[in-house]
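Shared between the two complexes below is chain A, which pairs with chain B and chain C, respectively.
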Partner chain A sequence: GVQAVPKETEDKSRSGVDVSGLFSEMVKACATVDVVQKKLVYVFLCSYATLNPELSLLVINTLRKDCQDPNPMVRSLALRNMTNLRLPSLVEYVEQPLTAGLRDRAACVRRVAVLGWAKLHNLQPSSEIDAAVVNELYSLLRDPDPVVMVNCLRALEEILKEEGGIAINKPITHHLLNRLKECDIWGQSEVLRVLQRYRPQSEDELFDILSLLDSFLVSPHPPVMAATLSLFLSVSSNLPAISLAALERVSGPLLAACGSGSREMRFAAVCHIQLLLRSVPGLLGPHYKRFFCGYAEPAYIKERKMQVLVELVNDENVAMILDELKGYCTDVNTDTAQAAISAIGRIGRSYSDRCLQILTGLLGLKQDHITSAVVQTMRDLVWVCPQCSDTVCLALDGCEETLQDIQGRQALLWLLGVYGERISTAPYTLEVLIDGVRSEASLGIKMELLTATMRLFLCRPAETQDMLGRLLHYCIEEETDMCVRDQALLYYRLLHCGIEKTREVLQGRRSDPSLGVLIGRPAKPVSQWARCFNTLEPLSQGAVEAESDRSDSAMRCSDSSTNVLASSIAVDCAWIEECVRCPAVLQCSPQSLQAAMQLVNIQTLAFTPQHMLPWRVYLYTHTQLRVSEDGQEEEEGIKVILNQQPKDDDALRQFLTILITVLNTLSSEKD
Partner chain B sequence: MIHSLFLINASGDIFLEKHWKSVVSRSVCDYFFEAQERATEPENVPPVIPTPHHYLISVLRHHIYFVAVIQSEVPPLFVIEFLHRVVDTFQDYFGVCTEAAIKDNVVVVYELLEEMLDNGFPLATESNILKELIKPPTILRTMVNTITGSTNVGEQLPTGQLSVVPWRRTGVKYTNNEAYFDVVEEIDAIIDKSGSTITAEIQGVIDACVKLTGMPDLTLSFMNPRLLDDVSFHPCVRFKRWEAERILSFIPPDGNFRLLSYHVSSQNLVAIPVYVKHNITFREGSSQGRFDLTLGPKQTMGKAVESVLVSSQLPRGVLNANLNPSQGTYTFDPVTKLLTWDVGKINPQKLPSLKGTMSLQAGASKPDENPTINIQFKIQQMAISGLKVNRLDMYGEKYKPFKGIKYMTKAGKFQVRT
Partner chain C sequence: MISQVFILSSKGDHLIYKDFRGGAGNDIVSIFYEKVTALTGDQPPVVMNYKDIYFVHIRQGGLYWVATTTAGSSPFTITEFLNRLAALVKDYCGSLSEKSVQMNFALIYELLDEIVDYGYIQTTSSDVLKNFIQTEAVTSRPFSLFDLSNVGLFGAETQQSKVAPSSAATRPIQSSREQGGKSEIFVDVIERMTVVIGSNGLLMKADVEGEIRVKCYMPSCSEMRIGLNEEFSIGKSQLRGYGAAVRVDECSFHQAVRLDEFDSHRILRLCPSQGEQTVMQYQLSDDLPSALPFRLFPTIERDNGGRLLMYMKLRCDLPPKSAAINVCATIPVPKGSVSLSQELSSPDQSAELKPQSRAVVWQIARFAGGTQLSALFKLEVPSLSSASMLEVGPVGLSFELPKITATGLQIRFLRLSPIQPGPSQRWVRYVTHSDSYTIRI
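On to the complex of A and B.
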């Protein structure tokens, strides 16, 4: 029949055949009473209109005629397609039917017309905004149809983007809130999102709003629940008690979303739970089993669930959680296995004996990816808990045979260097590597090897002297990479300065077990993460965290010489400059500064020699803040240049406060 | 909000695209393909992928990735929920949501997408309203259409959006007035080696098929409504009444719809309907492993456990399995190492078992981990949570409808660790 023609054309165009030649035929076919044929023709015309702007003028006539049709469905269809043509030249023909559409008696036409204005605005964003239209849209917020109301909101947001979106005042806010029930879940989420800009004028009004919102907070639809909580947190940002109560109330629906049938929904929910836990670490303690991983769950969910499990550990459940995590360590997916191992390491900061037992057991499996993750985890663990080092030293024996990847071998080298005196086989392990250094491809391994051999030389000179000599000789004479050569030269010259100087530089930085200023995670205020709740940020944050962990270890590995440090930082990220007012520190000796810094867990990496200008100190601290460089003294203050990853203003402020306190204490001692 | 949608199959071909604002080039999907390549399993592709100018938010269902292209910051839960709604709608319309079904019904698919989003904002997502606007295809209708050349829109124009009750059309008439409710529960559980429950959850739904004349107003009450932890209703349910009296009161949509879905979590004790006795051992240095599995019913209130299917991913080192089922048939795929055993019905008098040996690669070390066993089953006439409908009443219309309620329990993700 007649209908078959447009359908066939449509099928052809979809299969890639160029049918733009048929445009004029299709325009004729548009003048039909059959709705589906109309739809098909419209789809065709919209996709080819840009190629054939001349002819599309023809179609406008038909569309305008359809806008007068007695059937509201036809009217709305015509109007929608008219605005979908996306041709700036047609704007003048579209405005009149759109204006009429706003006053149509059928709600479905008004819905389309309202959004049509937004599309028209997108078509020519630079043109002036018609105040009459904007006024009409504002008044349509009171339309009896809830979808028209929500579409008005959406349209105004787009049209008034430059001015910061729709103006939210008290009457509009209360009108929208009162009609929230009528909207579908999409509309509710939209309204709740827009209302975040509103600030209640009094406390009474605030509580009115909160009680209106209360039932939406436990909505079974995750998008609505999340949007409500987001609004709750933004209006009650000055009332932490209310925010915390809201978090408690929302934990039920969020947990339910964690068990949702959709894995994407589960993932999003777990990510948002991680945000909540930052402020209320104990919130979901009793529900820890909900975060056990299913066998067939995707790796990205498993990883997040393990992060949550680490946060939920307490005396009662630690055995259960560790048992569960142990099961994941042998997962077929190596990423999951490694994430499980590092999760056990995190728990090890509080329950080191149990965790070390598991980690040591895993080494027995002799699987390279597992061994690598275990060694890296052990390195991170002894950095925070030096009391674990005895067990770690015993466990390391023989695992160099299974290690394959660069990160794992680097971690092993670091451990051999720092705890070499307690690992009997350390010199032999290093010797094998030194003998094979010619065929070693990784830059990181070579540098780590240099540092480790130097450190081992300091505590076991007799066994190491010969191989250190060979290594330095190779690195200075034959190595082509500048970084490695420079580092070797630095060590060589350092040795010339005498063994004591060398010791100062290389062994100056062990963390003291009794201190933990920047370590450990205190509960953070809700306001710190409230604005990123229900956005994409928490879903992509894990990747950033993992990355910073990696750069963290890279940093630690290449810490021993300043030029290496500088080169590795330059690529890392931008520096933050901060001028700190504090008394002069030039008078105090580097040693006392270093000692003072160590008391607060800030490690000194290197100094420029005294009496040089600008005088510089390179400092380093673990956890949030990576490296800071302090120096260049002027009359009144010192310039502190900081490098931090990921950016965290709170930690930065804490760090600066500590730094200033230390410097102040030092100078007051001088007086 | 949602700029464009791409449908991508497992082999990485874009087989459908739809743009609501401007046309976004297909090349944006390259970032998706990269992630797809990196992922070891299809389901390991992360649901949110940032690209320099867009975000790609995807859901994977029925081996198809539904990839939404987003240009500005959006609530992720919103987009994910919407994408699932799209899939549900396709499934509802075509019975299955496969690449072939979508390609066969490409016109209806475009019609649906056009109605579901306007300018990137969700418009009509309610299945009842959509069916008013666009008739779902049926085999008969497709055949008739091919012969007569007509399309799948009825002569009558839709009236749905003009009705006072937005989810129900006006002027419904039936000669037989009937209302059927299916209570379907899926149990997700992880059972540990010793047979104790690690986690157990029940996801339940009540699906309705209501064919009633006029504007009926129904109430449905439960014997034990407190069981339900997290409940999600069809928009027709009056929430206030549920909160106050725990009674479902609603004017139903016409035809099939999901009245509510709920969740019974480990806070309430969840009954486990089957148990597994297992003895799967590998010995160091031996090239043989033992496999011994017995299934039995428990806490089923006397109802039969049917359509039982056991599957297990055996360790990589297993070359072949030589087993003997007491009933049903088993297969072992030596390439994928997947063992499946189609058990059928469990007879409590004679418990089904699968016993025998596995041959291992010579010289290989003993596998680190014992396999996990996944079980599927069905139990008719019982809701495992114990949920029971008390009564169903109708107001607002004079006639006497025929009412029916059916219960069923299925295994969801039911795993036993060995």
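On to the complex of A and C.
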């Protein structure tokens, strides 16, 4: 029938057939009285209007006529589609129906008209703002229909963007607050979001507002609850007691959202709970069981839940939590298994005996991904708790047979180097690796192997001397990678300076107990994260890394590579710190960074895992001078710490210019 | 604010694409799909970004429901919106699948037009929407009340003690118009159980999340009164040790529910909208009124031939007249398990070794209350060591318990006033699902 034609056309256009030739036919079909057909035609016209700006002028007449239709549904439909055409040339025809629309007796037409003005404004952002329209929109904030009111807020926010959005004064604020109950949850969230800009004029007013909003704070609808908390945190930003009370109050509904039937909602809730825990570490202690993982939950929820569990550990529940985490360590998903192992390691900072027992037990499984995670976790643990080293040294025996991946083997090498005197088999393990160094592909492993062998030589010279000689010989004479070669040369020369000097350089720090235990960490002020509450930031990958994990890997890297360089030439080197503004390097992979740097003869010594913040890269170059650089990715730019010998400002500037060029090239490529 | 909404099939076919703000590149959908599929595993994160475009997506009905937005948007709002959109599409099309979305694209575009304008959510209330939505839903199979093929899957009881066909609630809400004024209302009490049982058999954790859902096919709705158990109580302290009390820790209601008779008579009053809505949500932790539905008694040992022997006794502690259906136990086994031989206590069970998920999956179609089943699994594991035992377990159990609520919540009565003219059907259904039922070994 009549409906079939546009429907068919629509079907075709969806299946990729080019139907733009039918445009004029469709314009005619628009004149129908059948609402379903009208809607279909409008969908078509709006998606093709930009391709046929001339033809769509024809449409506007029909649309303008429909704006006079007695049926409000047709009026709103016509008005909405008229404003959806997105053609600046049509603006002059649209203004009159829009003005009429603001005064239409049907709320559904006014809703469309109000947003229509925002669309119109954004079509020609440079044009003058019509004060009469703005005034009318302000007065429509008092419209009896709550959706019209909320749309006015939205439209004014867009039209007045340059001026910082709608003016939120006291009368408007109280008007909006009083009508909040009439809105649906979407309207409520929108109003609450806009009100975040309001600053109450007195403490009395503040408390009036807060008590008015109290019921919204415990709303069973997560969008409303979260928007209310954001508002609470922003208006009471200088009253920490109120913020903390609000966090207590909101923990119930947030916990409920953690058990929501929608797993995406669960995820959002767990991520936000992590924010709360930064400021109130003990907040959900009694509810730790709510964060046990369901067996069918996706890995991304499990990982966050484990991070929460680690935060909630205390003397009473530690046994239960460890028991639960232990079950995840053999999960068929290797990411989940490794996350569980590292969670146990973090709990080990406070309860080392229990955790080491579990970790040691896991080594018995002889599975590469588990062993790798355990060895890395143990390395991290001894770095913080040196008292664990005895148990760790005993457990390491035989691990090298199972380990496959680079991170795991690197961790083992570090441990063998630092605690070699207590691991009886250390020389044999290293010897096997040295014998196979020709077929070793990983740069990181070779560097770590060099350092470990050097360290072992210092404490067990008789057993190690011969293999160290062979390794240095290979690295200096045969190795093609400049980086490895340079490090080997450095060690070789260092040995010439005498054993005492070598010891001084290589036996640096073994641990950093200052990173501290897990329990009783000081609470962070709410203001530190309030800004990102109820945004997508907490849900983004790697956004919420546990605080104390941030620095240690980076420290260790410097310990095993760059610091060696640094301290060996500490006599007359220049340490210079530079802050370079540069777009986010985080987006590019370490591999591409490394490849790019190699093109300009800069070697990448080491980088921290990508999710670590700040992300660090250690670079090294040696053309005419030797510069080692430690780049710390910060939010806006990168901090470059340069270590140069001999001091030469010109060369330094050159180096920085090259570095910035490379980084800029990389990030522009990304765009 | 939402810039675009699109729905993709699991294979990445574009089913629905709506650009509310304009100016987005055409390739945005492909960028999303590349990002989703580039990740290992089938569980990509909810939020991903490409430059400053943020994708928030949910999975429902095997489809990707995606919204693009900016970094400052509320994840709760966007997620809730996508869930609500999926629920509305389900209400209007009858079911959620690639096919139903494809067949009803015009209807879905119409819905999107009314729900969102210029990226701002206007309304998601089915009462409002029903005035605007004109397109009729297309169903792949003509709906028939006499299609009883799945009866029993979702058993139901009413005052008339009739059985509601399981397909009854999967038809488009608007079809009631053509059904000669046939109006029906479904009240479902749905509970999800999360349980952890320790290796010593002690209960470590038990949570129940429950909700009362009303699904309404009445074109014009009068007031409905739902009577709950009179001894229903909320909060920790009340009525403990007084036998039949039904208790929950926390409880919240849909804003349309009037509670003036709740304190005195435990009656919820509301005028239900067309389509599905959750009128009450509640939650109970650690203090279940009845015995746990399942207990497992495992014995695990190595035999001389280096095989792993797992003897599993599973007991169903439901009341004798009830039964659990679709019971499935997933038993993680050591890596490198090659083959499985099994002895099952009855023919309606089955078990198989799934090397990819490293587990033995033991399925029981129907499991009557008060009975016990047993199984002996012999696994060939060439690299079996004593440490391998660590890899066995914890056992995950999934099941459905029709006609049962774990909290004991019941609907005493369901009254519509004024009395509906013509034939109207009221259905009350109960079901408890396992959200996660874990038994450590």
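Quick note on the criterion: the second predicted complex is superposed on the first by the 533 of 671 C-alpha atoms of A that agree within 3 Å, B and C clash if a C-alpha of one lies under 4 Å from a C-alpha of the other, contacts with A are read in each partner's own complex, and residues count from 1 in each chain.
In this text, contacts are C-beta pairs under 8 Å (C-beta built on N, C-alpha and C of every residue); 3 or more make two chains touch, one makes a residue touch a chain.
Computed from a predicted structure; not experimentally measured.
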Exercise for the section: Once the two structures are overlaid on chain A, check if chain B and chain C clash or fit side by side. Expected result: clash
Practice task
Considering only touches as defined above, state whether A:L156 meets chain B (first), chain C (second), both or neither.
Solution key: neither
Exercise for the section: Check whether A:N71 is in contact with chain B, with chain C, with both or with neither, and answer first, second, both or neither. Expected result: first
Exercise for the section: Quick one: classify A:M447 as touching chain B (first), chain C (second), both or neither. Expected result: neither
Exercise for the section: May I ask you to decide whether A:S215 touches chain B, chain C, both, or neither, giving the answer as first, second, both or neither? Expected result: first
Exercise for the section: For A:L472, decide between first (touching chain B), second (touching chain C), both and neither. Expected result: neither
Practice task
Mind working out whether A:M265 is in touch with chain B, chain C, both or neither, as first, second, both or neither?
Solution key: both
Problem - Contacts of A:G364 with chain B and chain C, given as first, second, both or neither - result: second
Problem - Which superposed partner A:A107 touches (first chain B, second chain C, both, neither) - result: first
Practice task
Kindly list the residues of chain A that each of chain B and chain C touches, one partner per complex.
Solution key: 7, 10, 14, 35-36, 39-40, 43, 73, 80, 86, 108, 111-112, 115, 118-119, 147, 151, 154, 184-186, 189-190, 193, 220-223, 226-227, 252, 256-257, 259, 261-262, 264-265, 267-269, 289-290, 292, 294-296, 298-300, 324, 327, 330, 333, 365, 367, 534-536, 539-540
Handout entry: Of all residues in chain A, those that touch chain B in their complex
Key = 1, 3-4, 7, 10-11, 14, 34-37, 39-40, 43, 71-73, 80, 86, 106-108, 111-112, 115, 118-119, 122, 147, 151, 154, 184-186, 189-190, 193, 215, 220-223, 226-227, 230, 252-253, 255-257, 259, 261-265, 267-269, 289-290, 292, 294-296, 298-300, 324, 327, 330, 333, 365, 367, 534-536, 539-540
Completion exercise
So, in the complex, the side of chain B touching chain A is made of residues 21-22, 39-41, 43-44, 46-48, 50, 55, 58-60, 73-78, 80-84, 106-107, 110-111, 114, 118-119, 121-123, 125-126, 133, 148-153, 157-158, 161-162, 188, 190, 198-199, 201, 203, 229-233, 235, 239, 243, 263, 265-266, 368-369, 372, 374, 413, 415, 417
Practice task
Name, in rising order, each residue of chain A that touches chain C in their complex.
Solution key: 7, 10, 14, 35-36, 39-40, 43, 73, 80, 86, 108, 111-112, 115, 118-119, 147, 150-151, 154, 184-186, 189-190, 193, 220-223, 225-227, 252, 256-257, 259-262, 264-265, 267-269, 271, 289-290, 292-300, 320, 323-324, 327, 330, 332-333, 335, 361-362, 364-367, 534-541, 671
Handout entry: List of chain C residues in touch with chain A within their complex
Key = 22, 41, 43-47, 49, 51, 54, 56-59, 69, 71-77, 79-83, 105-106, 109-110, 113, 117-118, 120-125, 131-132, 134-135, 192, 194, 196, 198, 204-205, 207, 209, 211, 250, 252-253, 281, 283, 285-286, 330, 332, 335, 357-359, 383, 385-388, 390-391, 393-394, 396, 398, 435-436, 438, 440
